[in-house]
């Protein structure tokens, strides 16, 4: 580099050398916009199909430039985590920082290379834009700043949670997962983008974004308070919920190069519930309870999730609630249907205890229809809620299925469940653990019974000989993926796409189950009409066959008179949306209406309580 | 090395004064917590004896929970090549009356700029500082805006209007039954 | 309430009068005002009037998430925005104890130096224009624009890059970028002769700038002047070398110094600094390909990022001087307090006020531009 | 309304043109107005940093007949380059009123439309066209020089078609603008230019020129005193 | 009778020609600037657009009668000067006035401007005008010396006479090179171009005298500028380059004469006021005096 000294006076002639620029060409660019750089941050593009309306872009926007607009003609599918909201950008606020692009969970919003927009003074409306695939002025210019793995701002990987290895857990009923430590929970909670897809998809609309944020802030009590807003069975749901929230989670959306795992919402719920002392939870739950008594009396039949949730809500409103339970303990299917390794009893007891502490009284071992008639209840109470659940299993009705060693899964689980307090041994069971068994069915119940029996087999015979077979292909199994995975790990054989044809009997004992290969499950109209390939026949040599293909309600308790009064639909009680039956004092809720699912039952309980409340207030 | 000497000397000196608390955060960063009464003397010492001639900045932090302002004097020594941050706390008053402290203008000339800034933004009056008058906010009549209890967003919403957009596409969507669902102000974290 | 500018206050029984330079005046840099009390064309006293660009940045930053603030920090100094992004990220990294990958550090230094070149080219033109010569500003801005093209390619934005992020940079450099950077540096070096002939050895300019606005070293230290203005008084202080950050320790560069402390020394220091930056960039072009690895260490979900409790004071050498941020976190998702020590907050106000006394009116603008004052840094 | 002393207004353009050639003449003037625009280079905000590139060699605005001018008296276009702080807004309004009609305001950047990224700031005005009539907006934060030039070309087109008449709105609905200004600056706000007087003079007065806000102005409006000054030679 | 009509026609035609040629010179200046600054520059009719636009402004601000009169003097002074400048085929009243009258007439615009701007009550304008008068003082000394020298050399004060003399003998620039050089300096000052552009100085005093000018007044100044360039070009051509035998030669000469200061202006900053006076009174005066010595 040439040095210039300070003392150098310079010359008058030096600048004249620059007159050479007369002979040089100008550097001016031609008029009109130049093409912008490859990653230019111009106006927004939004892939309307990809966008799920999660409004995460709106939250990261530092300028409050993004408004979510409801577009009715787009798909609205809360169960799969898709809303018909789309971001509209206010270019009177936007600063083109592209943080919205970097954070978009699905990579729908992107920036284009288009950068010219001018308008007359009275056309400011054109600054408010609904970005689409075509760009701001309908002329697509190439994409500019897009999402890559480097600039993705979200943490895509779920925090691994400690759990027992298959070997450790194979012969006992201890709870499999350890739960989050506080540090893990805060980290996992921090991944949440607060989109509320979980809230929308949850049957009971739990305030998941709020309690996740509370957990992230380290305030578990606040989290618990949010949970009790909508779910008195949070201990249970924190363990065995079907977690539709996680499938709907924005971070669960497919189509990203780097893959993405949803927030572990269920485990976070479990963490928060476990982190708060039980007595404190009772206080938190009681916060919303009114002191006033309405004087209305309500009877609830069945102390399952639906019945108790309704009771919980109604007690909060100041009503008097009496719950009748046919069995010795509360919980219904959650107690007698879900194995211990998924839901320890003491957790369920805590939930029930909170509800009881609110003032719900439960009478056990009282079977309505036998001990007390429905007419009696009608007389004694202002309203009655029927929440009896689905107590009996459906049968395949194949030849041989009437044999005594062909069990229904529900019944078997109940028998296991009623001795659960010390269920680590098989001695207390009132049936003999089979050396080999086959479960028909591909749902969670099938997995539960299969895995429970497998544990007993392991205990007693030190080997697992358990087969689960179902008519569906493996990818269409109704059971959770993690259940299938864990079943396989525990040594259970799963044989999909087999249609059971006959229980082969020999000498009054079961010899084998005969199955054919399924060619198709549904016909062209989508009705259930399986087609079999009869040439592909298999026989499984087993001692026991368990049917787990569905459950149904036992409606005998209603009595003849009431049964006639009520309206029925295809053999099921006809129930309005809000749980009301055709008789004005009777409501029905839970699995017996909606099919088996804890969180649905809870949602149902809320719905019925609300409906009863409304009916009362009309009366008043 | 000369700078090592200065540092060693300084450490020795500071350790002798028992009112102040010295934290050496890294090779070139020293944090000193000092009571408000002895800060000017410390700065005088630093400048006069320890070659900390450059006042890089004076920062003020509002701690309404503690009813205190924290003043941080960042001083740099060209010779020791080290930055010393002297933290002190003074009592905080309500927005109407000023908090008071002494100026260090006679030690460090640049202090005048920062003190005026803090005076405007936080309402701390520095005795004997040359420019205790408004400079940036000459046309501002509200409370000192940088105080934590001044809610800028509420003030803005009270004072200003926002553009009212109603473009054609939005009208079409509204006819369809849709429309604006979540406004940005409803969702801020 | 009558606005003050364009209104002339007559002082009775005196030849003195007040004159407003700015906020709307070609001799002022940015939206800034300077009130002069004059006797004839001799300045009796000068008073800076800032706040025209005041946006309350520090307040805004307290209301936004840590990451959201990235979008607003570069606005604090428009001609030289990169140091703002870098120093903000540095403070956050310092509080969080985040390791920045080596490659990201090299890329940051590359940006900082490119930004310095752009800023200095801009200043040359401004300084020359205050003396009535407009050609350098046409050239300087056009040459700076080529640097902006490079920035656009690298970061997606011409002026506001929003490219640095706590933990690194947002994207890796595009293919072939270093070649184009190298071409640009070649071009700048071919232009050196033109600039020298036109400006730095132009006798009329040298006469105009020499011995004007003298700031000696003692005064400079007393008034807290930093950056090129301090180096023009003979003190070779540069944060890059004396309080090194990023990877400056691994780079080989000189610190240009002049001793006279007048307008001419200041512009000469800037000229030399520009070519030192070219030298640094050459080293980066050579080394960067061999520095492998990620460009960003991951940060938590920005919507739920609580930065650890703590405070940090970080400094960088911007083209205007020592730029520092004092960031305090109370462990929340937003900064508790960010104090911006604008690089030119000293010399744009107090130093300018002091230096203008006794000067002639025709030199006030030149002094201001030669100090390279950046009003938005003062106003924030 | 009190008279403001030192800036008398000439009676020149008030008459209606009856000459048949006036139409042709008007078109010629409009054409020239669109081809020759002097731009007041007032850096109100950060968007101003993209104006030097737009003016200088790389994008050369002078191709379009646009050149910077240093005083509002000579300028035709007032470019509001980004956010205007309340303090600046006062000067902007003052500057605007001193410009000679036809004059045009261009709002550059997001901030002039809806507050931009400083929407939370207590110090900046949010919606520019509450205080001044805006002719053309240019989107961007900040817009590139090319976008600025596109905006100026739109303005040229508007002027050529006789649509660049937002400045009349300021006279015709002065009360509206004055009201918004008073809301922000306080009721004792006054500028040295007598807009109502000018509106009457040029026949641009409507019912909305005066109103409740201008009555507040009248109560305290004071004439500017002429300035006496001596300069030693 | 015919001569009177002819004269009247010439008196009308000469300022008009001056205006048109001046417009072209303004355009040339802007094109030269653009080229040196590595850009394209304005379209061909830009000077006309500017002037029509300025006259088409719908509102005006006047600062009183004196202000208007000052402006009229400024433009009128140059219009009057044009009829003292002979062009090919037209002498106007050049043979009657001569160069002495012309130099007096050329002071009128500056004084008019001073008169007008004084009314604006803007300190920038006042400073500007005081600088303009100082500048006039500075360049007038060498200019007068040059004029004196030239007149002595040609033994005539009539421009027509000088041109005839040069066309017969040889150009003044060859006979009195030193005076020609000094004249070039004075020309630079007279045109107010860098390094002697002290009274516009946007960065210092916001364009000085023009600061309060708007609309028609500014248009007046633009017109004045066209005349100013033309006058300077023609005067120098007449004194040293032998005028023009025909229009082509004449135009080429005046454009070249004007282009030189213009190009120089673009690569220099401006001097400070006292520097300008010092330099103007030093080098050009010295050169001119030596030139005179040769002439005498």
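Labels A, B, C, D and E are assigned to the chains in the order they are written; within every chain, residues are numbered from 1.
The working rule: a residue touches a chain if its C-beta (ideal position, glycine included) is under 8 Å from a C-beta of that chain, and two chains touch if they have at least 3 such contacts.
On a predicted model such as this, the values are computed, not experimentally measured, just so you know.
Peer 1: Moving only to chains each one touches, count the minimum steps from chain D until you reach chain E.
Peer 2: 1
Peer 1: When every step has to jump to a touching chain, what is the lowest number of steps that links chain C to chain D?
Peer 2: 1
Peer 1: Both chain C and chain E are touched by which chains?
Peer 2: Touching chain C and chain E alike, sorted by label: A, D.
Peer 1: Counting only C-alpha atoms to place each centre, which chain is farthest from chain C?
Peer 2: The chain lying farthest from chain C is A.
Peer 1: When the contacting C-beta pairs are counted for A-B and for A-C, which pair yields the higher total?
Peer 2: Most C-beta pairs in contact, of the two: A-C.
Peer 1: So which chain ends up in the middle if you average the CA atoms?
Peer 2: C
Peer 1: With chain centres set to the mean of the C-alpha atoms, which chain is at the far end from chain B?
Peer 2: Comparing chain centres, E lies farthest from chain B.
Peer 1: Need the CA-centroid distance for the pair chain B / chain C, whole Å please.
Peer 2: Each chain reduced to its C-alpha mean, chain B and chain C end up 21 Å apart.
Peer 1: From the C-alpha centre of chain A to that of chain D, how far is it in Å?
Peer 2: Chain centres of chain A and chain D, defined by C-alpha means, are spaced 59 Å apart.
Peer 1: Taking the mean of the C-alpha atoms as each chain's centre, how many Å separate chain B from chain D?
Peer 2: 38
Peer 1: Residues of chain C that contact two or more other chains, please.
Peer 2: 8, 17, 25-26, 51, 54, 56, 59-60, 63, 65, 71-72, 135, 138-139, 142, 160, 198, 202, 204-205, 207, 303, 379
Peer 1: On chain E, where are the residues touching two or more other chains?
Peer 2: 34, 36-40, 121, 123, 127, 202, 206, 267-268
Peer 1: Indicate the residues of chain A shared as contacts by at least two other chains.
Peer 2: Each of 15, 18, 26-28, 36, 59, 61-65, 90, 92, 95-96, 124, 127, 194 in chain A touches at least two other chains.
Peer 1: Which chains touch which?
Peer 2: Those chain pairs satisfying the definition are A-B, A-C, A-D, A-E, B-C, B-D, C-D, C-E, D-E.
Peer 1: So in the complex, which bits of chain C are touching chain E?
Peer 2: Touching chain E: residues 8, 17, 19, 25-27, 38, 41, 128-135, 138-139, 142, 198, 202, 204-205, 207-208, 360-366 of chain C.
Peer 1: In the complex formed with chain D, which residues of chain A make contact?
Peer 2: For this pair, the touching residues of chain A are 26-29, 31-34, 36, 62-65, 90-96, 115-121, 123-124, 127.
Peer 1: Can you list the chain D residues touching chain C in their complex?
Peer 2: 40-46, 48-50, 52-53, 55-58, 68, 70, 72, 83, 85, 87-88, 90-91, 94-95, 98, 117-118, 120-124, 141-142, 144, 185-186, 188-192, 224, 227-232
Peer 1: State the interface residues of chain B toward chain D in the complex, per the touch definition above.
Peer 2: 137-140, 142, 145, 150, 152-153, 155-156, 159-163
Peer 1: Looking at the complex, which residues from chain B come into contact with chain C?
Peer 2: 28-29, 53-57, 59-62, 72, 74, 76, 78, 81, 83, 85, 108-110, 112-113, 121, 135-139, 145-146, 148, 150, 152-153, 189
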